[in-house]
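Residue numbering begins at 1 within each chain, and the chains themselves are lettered A, B, C and D in the order written.
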Amino acid sequence: MEQLLVPMMCKIDKVIQETPDIRTYRLKFKEEGLMEKFDYKPGQFVELSLLGAGECTFCISSSVTRKGYFDCSIKRAGNVTSDIHNSLEEGDEVGIRGPFGNWFPLEELKGKNLLIVGGGIGLAPLRSLIQYCIDNRNDYKDFTILYGSRTSADLCYKEETKEWQDNKSLNVILTIDKAEETWTSNVGVVPKILEEVVKPVIENTKVITCGPPIMIKYTIQSLKKLGFADKDIITTLEMKMQCGLGKCGRCNIGSTYVCKDGPVFTNEQLKNLPDEF
Amino acid sequence: MNVEIFVTDKAGLQKFYEAIIAKNETYAPVEKFGKFDFKHVSSLSECDPDSPIEKTMSAKPLFFPRSAKILKYTADSSGTTVKETDEDPLAGKRVILGMKHCDARGLQVLDKVYNWDYIDSDYQKRRQNTVVISTRCDKAGTHCFCTSLDYDVQNLDAMDVLIVKGQDGKIFIKARTEKGEDFLKSNPIDSANSKQHPASEEEMKKQYDAFAASFRLKMNYKEINENLSKIFDTPEFENVSSNCIGCNTCAFICPTCHCFKISDEKIKDSGVRYKCYDSCNNGYFTLMAGGHNPRPAKYRRWRQRAMHKFVYYKERFGENLCVGCGRCTISCPVNISIFEVVNQVAKSEK
Amino acid sequence: MDYTKQIQEIVAKLFAEDKIDVFAGYRMTGFDENQVPVLIQSSGEVSRLVFNDKSVFNLCNYLKYDHTRNKRVGLVVKGCDSRSLNLLLTEGQVKRERLYIVGIACDGVVDEQGNKMQNCEECMFPDALVYDELLGTQHPEGKYKVNSDIKELASKGLVERRAYFEEIFESCIRCNACRHSCPLCYCTKCCIDQETSKLYNGANNTSSAFHALMTWSLHLAGRCVDCRNCEKACPSHLPLHLLHKWNERVIYENFQEHLSGVKEGDRGAFYKYSLQDPDDFIM
Amino acid sequence: MEAVANNQLVSIEKPEIVAPPNWEPVIIGILCNWCSYAGSDLTGTSRIQYPPNIRIIRVPCSSRVDPWFLIKSLQTTADGVLVSGCHPGDCHYITGNYFARRRFLVTKKLLSFVGFHEDRVQFSWVSAAEGPKFAKVVAKVTEDIKKLGPLHLYKKENFDK
């Protein structure tokens, strides 16, 4: 066990300040050859450790189709993440274990319309999927992205969302909670925009959503109202984890280990879990 | 069942123990402050292999240590170097004397979680290199209920050598596994009558029956397991947990609790990362950095504990996590009994 | 010492008059002579309450949990418990008007083997010091006695003492039960809790145990009331009272016979000073 | 104690630990900003020599010194700790050192109770004008701790001396 818990060292290639409290760290393995072997799927997560401060779970926010690096987007929230924000710069080293967990059901999504609903930092795991799908665009039909945050400053991946907006094969809708002077796009919380602006086609569509717990709750409610089946709503859960290996017991929800059986669940699976997430 | 049963007496057993300690790396219960903990011993006088169950800590720390080093690191201008940790002190060939049956069962249960998906090689190594010599208790403790759970106390695969104290000072020693057989071959019992007795088998059974009859606590495990799995939302959990002070002792001394945390100890530019025990009764156990806590209230944590022991683990791995040793009840400062709790909850209406 | 009947009557009356929302008392375990603390929410449960010389646990501990927060609470206190309650009142942790205190003039409680507890043998204040109602006959105030274990240990040599305490710290399993069971440890973030403390992220090993127990006992120095909840909670049966009693002795002998929680409004020894404090150990 | 007879320096708490040749103790000096730190400054500017074993940490007031500082010092590098502040009555914050004094006494006594030699932690009042006294205090503490030998109690595991 102790050996499984030893991380591989990574170098920080680039630090991108996404919003005042979110940074994206572009990482490369220090040891040669590891980067090529590091194979992951959208939705999986890694354990990133700042030695001396601790270890935290982060989803990989880039796709394996973009070779040579991987991204982790980190929001300043607790002890370790503050330390990461305070002390890590380009060229510094962090430990990485992973990838762990399951992934978005890529095979199942093939030939389907995709509706991606994200909020705040919740776009990070979705970005991995979006990048993957853009790189395999022909496998999927209509592709809609709805992304919202509290203010325009809190929107992540600004450059990239612009690219997505310019991409003719994608339908990208951005929204913020409260009106701002310079903001020309939609205003309103995500579930409201989902019902009033997006008006998704229900047939042959899979919805993938991620965001703060409260947003997911209301998004799922409005999706149900719109007529989506539970099995077509896919979300990724957040739980406190320490090992990622199905041993430490923190991510237990009932008899489910989020780190092994998740973090990607359909709403159908979630309904069978005890209400402890 | 053509295994030889050795019959000896008390003096013979003492000699047997002494020979083991002299020849092998041996761990046995050693008393400190009125509590027995498994420690490395070099003579029989230091330890007491027949320590009472109420006062004996479980043998879990010999397989899943209270704090294990994961890595050492040093950082300098050229980067961070992760160093190998020292050799695992528990990985060598060793013998454990005086392990209780419930602890042996605990190991069997832990095997499941450590051997699914990612295999914990360190734990496995410790298990493989250990010969477990388990003595059957003469009498049940006040809080024991091992006989009423989902396993057969007499036949546990984790016990390599079984010692049973029969009537008239007769002591039966029997190897239960190949490892145990080999061990008995290399550590022969002096002055033992080593023929196979069908009668001995019977006498051992008799001892078990007397032992099983001495239990104060008995539960209908199947019914409790079924009922508990249905009543997740019962308010009874709030009642039974109201006087819990959340001290975490129960998890730390439990022979099957296996949750851990990873913590770093840092001094200047170097540090060590440890894996140490943690408890689900701790409010911070599931608290996430953003402030969201799936189990903020005490009763939710208690529910997790009780359900994990009696329902979830069974669902997932097919075994009951609680082994019925009663240690949590003995150590609880406010005398909350998990036996009482699950019985009370299982009886409650949804 | 058996006040079961009186307490049941009092609590029934309190519920009838709607003076309290919850009452903290003791009930029998149901299978042996020992008792379990119980929080009673309605008059229907009053018959479960008992009080006799097995009522050991200090109930002031429950004042820090959600079940009693912002509620009108009734509770039973013995002499030592009332001292801790006094401190909680002084430190602003509980409001006097929300409490209904049934004080006991305590004859001493016994441990699980039936022997009188050591702290009761040496108890200076067996009667509840703060109460709304006092049960039993009052005792004369005791005299300060140096704990016999402390006397014995202090007379030993340095190396011997070091070896003895090394055993204690080695046997500690770092479950923090001592902290959680202490009525005076009400901080929501504690410096010996590894998860909340940025000061100390240690393992469950000896050096961490030393750090934790020393820091903890120094935080309780001049406040500890010797109720021995910590010792009851310790799964390794460590003699934690040694640290506390030693501090108590140092403080009593050097700081104008300070004893914690005796007077209402009197804070811990470290919250005040005197010009007469010893200065000779400082160069 | 036989080892002492052979002129070998051993740890007083743990006689089985022998000091390496040319061992020099490490002493952590926690000094209050207003008096003792200024005093140590004066010692330096007056070119008074004192042993180099002391590593100085500046704190706002001796009352800022949590007993935890002493415990952590002793658990890591230090063989001894010196805490120094303003003379009673001279505290920059009026009463800080009176409170500190109580804590120091209890900490010192408790440490000595659990098996640290009394002289492992020492305290002094040194004012900003007492440069020579500071040098004397440091010399005395260093000498005391040299006699006690290296400290090897409850050291953190990753600590390499």
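A few notes on this one:
What we mean here is this: contacts are C-beta pairs under 8 Å (C-beta built on N, C-alpha and C of every residue); 3 or more make two chains touch, one makes a residue touch a chain.
Only a predicted model underlies this, so the values are computations on that prediction, with no experimental measurement involved.
Hopping across touching chains, the smallest step count from chain A to chain D is 2. Averaging C-alpha coordinates per chain and comparing to chain A, the farthest chain turns out to be D.
Should one ask which of A-B and B-D has more C-beta pairs in contact, the pair is A-B. Our note on geometry: chain A versus chain C, Cα centroid distance of 49 Å, whole angstroms. Chain centres here are Cα means. That of chain A falls 40 Å from that of chain B.
Centre-to-centre separation between chain B and chain D, using Cα means, comes to 46 Å.
Computed from the mean C-alpha positions, the centre of chain B lies at a distance of 32 Å from the centre of chain C.
Under the contact definition stated at the top, the residues of chain B that touch 2 or more other chains are 69, 261, 263-266, 271-272.
Shared interface positions of chain C, defined as residues touching 2 or more other chains, are 201-203, 205.
Counting only residues that touch two or more partner chains, chain D has 156-157. Across the interface of their complex, chain B is touched by residues 76, 156-160 of chain D. Across the complex, chain C meets chain D through its residues 153-154, 158-159, 161-166, 169, 191, 199, 202-203, 205-207, 210-211, 214-215, 217-218, 221-222, 243, 246-247, 250-251, 254-255, 269-270, 273-275, 277-279, 281-283.
Across the complex, chain D is touched by residues 69, 72, 265, 267, 270-272 of chain B.
Touching chain B in their complex are the following residues of chain A: 1-7, 9, 11, 30, 49, 51-56, 75, 77-81, 93, 95, 212-213, 238-240, 242-243, 245-250, 252-255, 260, 274, 276-277. Taken together, the chain C residues at the contact with chain B in this complex read 29-32, 34-39, 57, 61-62, 65-67, 167-168, 171, 173-177, 180-181, 193-196, 201-205, 208, 229, 232-233, 235-239.
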